[in-house]
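You will see two complexes here that share chain A, one where it goes with chain B and one where it goes with chain C.
Entry: the complex of A and B
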């Protein structure tokens, strides 16, 4: 096996063009190889020392998060926690402290798992990924990126370099909650992200909801914004919960039956919306919501 | 007796483990060492039609390939149903078909790939009730011809059976005011020690040294001697630091496979398991269980009679599980005053991984069922469940279900203290409740030995046959020796976990290390105390009877300032009669129930020696929308006699409770229709994590228990693992309106129960 330790983006892209696969924290790649899911590639390029990938930059109208930013930073970065709170919720739930120290947002997004925690909040926040290869750069919406479990539309020579998220409007808030059976080393049984804009009186103006572990990819709840516009939070939560259960196409596996997932995705969607709307109205709900509000009894 | 002046307890093995300087089996490397790999059956029930290892033996880098044809044709086990390699019939997926020793992992894998292994599949027996159907084939066709203890009764797929009968249960139930029946089903689970097992074997001439991560080195040695036909003094088992066991590393497993590979290859050989192998292969798993209990109640709330029936999933081989039916039957009757009982328990062969001792085998599941049933009884007559237990549970002088009359015990104190420490009866949020359950566990007296020597500088070494599995029991031995000799615990080093050095001990099993080896250590220390007093008496011109050993000195009672140091005495002894002690102490007797009118069949015991009692009160929160339960607080009280080492004993309670929470809520082994495990890994087998650990309060009802462990003590290692799941069940039932009848009580099962009528 060849391992190239890159220190610049150009080195990484050249290595990818020659057939190497990128490795940052290795929390999916190495664990997957040890489980026998897929062997480690013959050629790896380590991207964790590329400084450009570890920046969080706020620019005009958006934030640019380097693909190499670890979950630990996402859950505690002031800007992320204040304005992109759903992403911080998700980062705080991933794995264990050691997983969060080395696992990265780029790795989570590009792994393409339907159970990834950062996916649903990123989708509701309208995030794009910036993919780069030698001589080419493009931005892809997340809904176009994820094509199936563990599959993305990125080419093998493309590296996710940034996650770009537009700045949320005023009176908006976001949240991510998941159903979990324990408080660490857990994978979402189901999960939901929501971001909403509220009126001064708390009425929902618009919003987006996305669902984890109920379809082959992270999926957005269709028609959510129209359905909740003009409703009170209590009404909206009920409507969104029912829609989520209706639109979910979960499987049965060791973590839960399709029947149970179909029910609980509704509960999670309603709770995510509730937390997001309350944050939009100025309420401080600590990160992650799962601990602050007792999702899954985990107060 | 004061064991240590301060509560400080520095484990002798602590710094090694914390700093990483300690060596575990997998850390050992010997010159020329080969890697071992096993070919597992990978199918649950089949007849081998072809097994040819010729090509595998010719793979480059391969030194040995063995099958059952290459080892003595010997069956072993508590029922002699086991062979080292498959005997031609595959009875569970983790059965070892062949073993390879090769220069590296890649060559070993290439050899496994080159083995021709063909079989015809047989119908799988995946369920204990199906296994008992008259037309179900036998898992062991010829098992009537196997050797077994005389008291093992053989019927169809029943691997072992016990019954307990006392009084006339039919009449009692017929005459009862209320009769209530319950059925509960528990899934299998696993011990999951953090260290997957390792074995290293090296021959020198006709002697073999085996380093193994076993809890029971002498049992491992005896297993090797039996199947490889060797005398005990040619097999030496050494256990480096053990990375936990929880019962999972009890028994004899792979030491002989690796010794046989090392002999055939004329090289040292090392086996290190992956986590998946640790789940699939060993003869150790907490058994799945079906528990049915019927109780009759009198109008005053006392229990008129109880009938219990338990089916245990024995798995494909009997391992050490032959005594499990007795344990299960006792737990399905419980520590209650009932004059009319009948219990039957059968351990039933299936095509699952064999069951074996996992911390308090059978108890957490059977206690969960019985104590959930107990809350159903209290509810049916409108009685407070704690008051119901206070009325019906045994206490000092009471007669238990087998007719045993209890000496001084602290069960009622446990109930009182655990409940008092809890929020039981307080105003709680409507999604919170406190559940209470009681449990018990027997003490296992047995033979055990230790030596002590004190060298010329007054420093001592305890050479013990006992095994440390992480509980700190062996680590507590220096405190016992020091107390006898007026020395400090730090004055002693330990030599342990080596069968050719230490005297026999049954191992880190049955919570018995301090009980039996503590007694042996005290006896060995007392022999040295006699010698020291004699030497001091000569030096101080006094009678040995007047000499006191304290503070590192020997002095005449009442004159502590005019003594002689133990180091000085040791220096004198080193030139003459050396300071050597040995102890093995006669084990305490197991009581028979006096004037017994009970019949405890087969593998049972009428009386339990030194029974330990416990009460756990657990406060939970239930998320009714999802069924997720969170444990908020656990209040425990234990009668384990006088506590020798408060820190160590508390650690056992905390660990037992955490394991109990896992068994209650998340830990289960799931079998597919092919009888294979579907979650043999830490991703889908959900252990509790430190982030899930609730606050745990601990009370010890320190009832002095004569003629048992040192200083009036009883064991503690398994007892805390008995009642937690039961208490959680009772808390859930309060919030749901009815019990969840499946263990673990997963979020989905709780939610499904909430959807049922009556919830």
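Entry: the complex of A and C
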């Protein structure tokens, strides 16, 4: 095996064009190899020292998060915690302090797991990924990126450079919750993200909901915005919970049966919506929602 | 195929000659010769292999050694104060936070990273700080007490 430690974007893109695979924190790639899931590729290019990939910048109407930003920064960055709160909720739940220190948002998104925690909040916030290869740059919506468990529509020579998220409107809020059996080193049994816009009186104006671990990829709840528009929060949570259970297509595995997942995704979707709407109305609910509201594994 | 590179461990630069797919814990133990870092599960679950890279905790069993080039690696051997025990080590012993001791080096590294960024953590923050470290012996309470005491003393 060869490993190139790149310090510039050009160096990474050239290595990818020559057939190397990128490694950021390696918390999926190296751990997967150690668990025997898939051997390490013959050629790797380490991207963790490329400065361009480690920046969080806000520009006209959007935020650009470098693919190499670790979860530790996402969960504590002031701008992300204040305006893209659901993403901070997700980052704060990942693994342990060391997983959050080494693991990156780009690795999470590009690994394409149906259980990835940043996926649902990113989807509800309308995020795009910017993919770059030698001489080519394109932006892809997340719903077009994930094509199956562990699969994406990115070409092998494409690097995810940024996650681009439009600035959320006024009176909006977001949240991500997951059902977990223990409070650390866990994978979502199911999870749900929501982002909503509310009216001054708290009525729901519009919103998006996405689900973790109930389909081959992270999926958005179809028809959610129309279904919740004009409803009170209590009414909307009931409607969205029922829709989530209805649209989920979960599998049975070690962590839960399909029936259990179908039921609990409804509960999680309602709770994500509740927390997002309360945040939209100005209530301070600390990151992660799981800990603040006692969702998931109890102490 | 082996390749030559260097690693900075506990402030000393070591020449390494190893295959590029070797994990950091095995290189630390067999090439560098520092066996304080333990290998438990070997796939990123238990935290026995925890070291610091540039001051932040990393599971060295699941990190490529070659990727640590140019960064400062700290192992449990690196926190000793000459021949004196580090306060975390002393307090773990005095509070009964060490039984078989296998988890101890990893616990110390996670606790050290926590106390460096947060010198007076709440109990909840200590629990989160140590949440990547398993202990099969002590039941954790005495480890929490040792970290609390270390924070209170400094």
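Note that the second predicted complex is superposed on the first by the 296 of 299 C-alpha atoms of A that agree within 3 Å, B and C clash if a C-alpha of one lies under 4 Å from a C-alpha of the other, contacts with A are read in each partner's own complex, and residues count from 1 in each chain.
The rule is simple: a residue touches a chain if its C-beta (ideal position, glycine included) is under 8 Å from a C-beta of that chain, and two chains touch if they have at least 3 such contacts.
Remember, it's a predicted structure, so these values are computed and weren't measured experimentally.
Chemist: Could you tell me if A:263 is touching chain B, chain C, both of them or neither one (first, second, both, neither)?
Modeler: In the superposition, A:263 touches chain B alone.
Chemist: Answer with first, second, both or neither: which of chain B and chain C does A:254 touch in the superposed model?
Modeler: Touch status of A:254: first partner only.
Chemist: Which holds for A:102: it touches chain B only (first), chain C only (second), both, or neither?
Modeler: Second partner only.
Chemist: Could you look at A:46 and tell me whether it touches chain B, chain C, both or neither (first, second, both, neither)?
Modeler: A:46 contacts chain C only, not chain B.
Chemist: Considering only the touch criterion stated at the top, classify A:5 as touching first (chain B), second (chain C), both, or neither.
Modeler: Second partner only.
Chemist: Between chain B (first) and chain C (second), which does A:62 come into contact with in this model arrangement: first, second, both, or neither?
Modeler: The answer is neither, since A:62 touches no partner chain.
Chemist: Which holds for A:183: it touches chain B only (first), chain C only (second), both, or neither?
Modeler: It touches chain B and chain C both.
Chemist: Going by the contact rule set out at the top, does A:294 touch chain B (first), chain C (second), both, or neither?
Modeler: A:294 sits against chain B, while chain C stays out of touch.
Chemist: Classify the contacts of A:21 with the two partner chains as first (chain B alone), second (chain C alone), both, or neither.
Modeler: neither
Chemist: Under the contact rule defined above, give the chain A residues that sit at the interface with chain B and also at the interface with chain C.
Modeler: 35, 96, 183-185
Chemist: Over in the complex, which chain C residues touch chain A? Could you list them?
Modeler: Contact set of chain C toward chain A: 19-21, 23, 42-45, 47, 50, 56-59, 61-64, 66-67, 69-70, 110, 113-114, 128-129, 131-133.
Chemist: Given the complex with chain B, which residues does chain A contribute to the contact?
Modeler: 35, 96, 179-185, 187, 189, 254-257, 260, 263-264, 267, 294-299
Chemist: Can you name the residues of chain A that touch chain C in the complex?
Modeler: 1-3, 5, 23, 26-27, 30-31, 33-35, 40, 44, 46, 48-49, 72, 95-99, 101-102, 183-185
Chemist: What does chain B use to touch chain A in their complex?
Modeler: Checking each residue of chain B against chain A gives 431, 620-623, 625-626, 628-630, 665-666, 670, 678-679, 681-684, 686-692, 746-748, 751-752.
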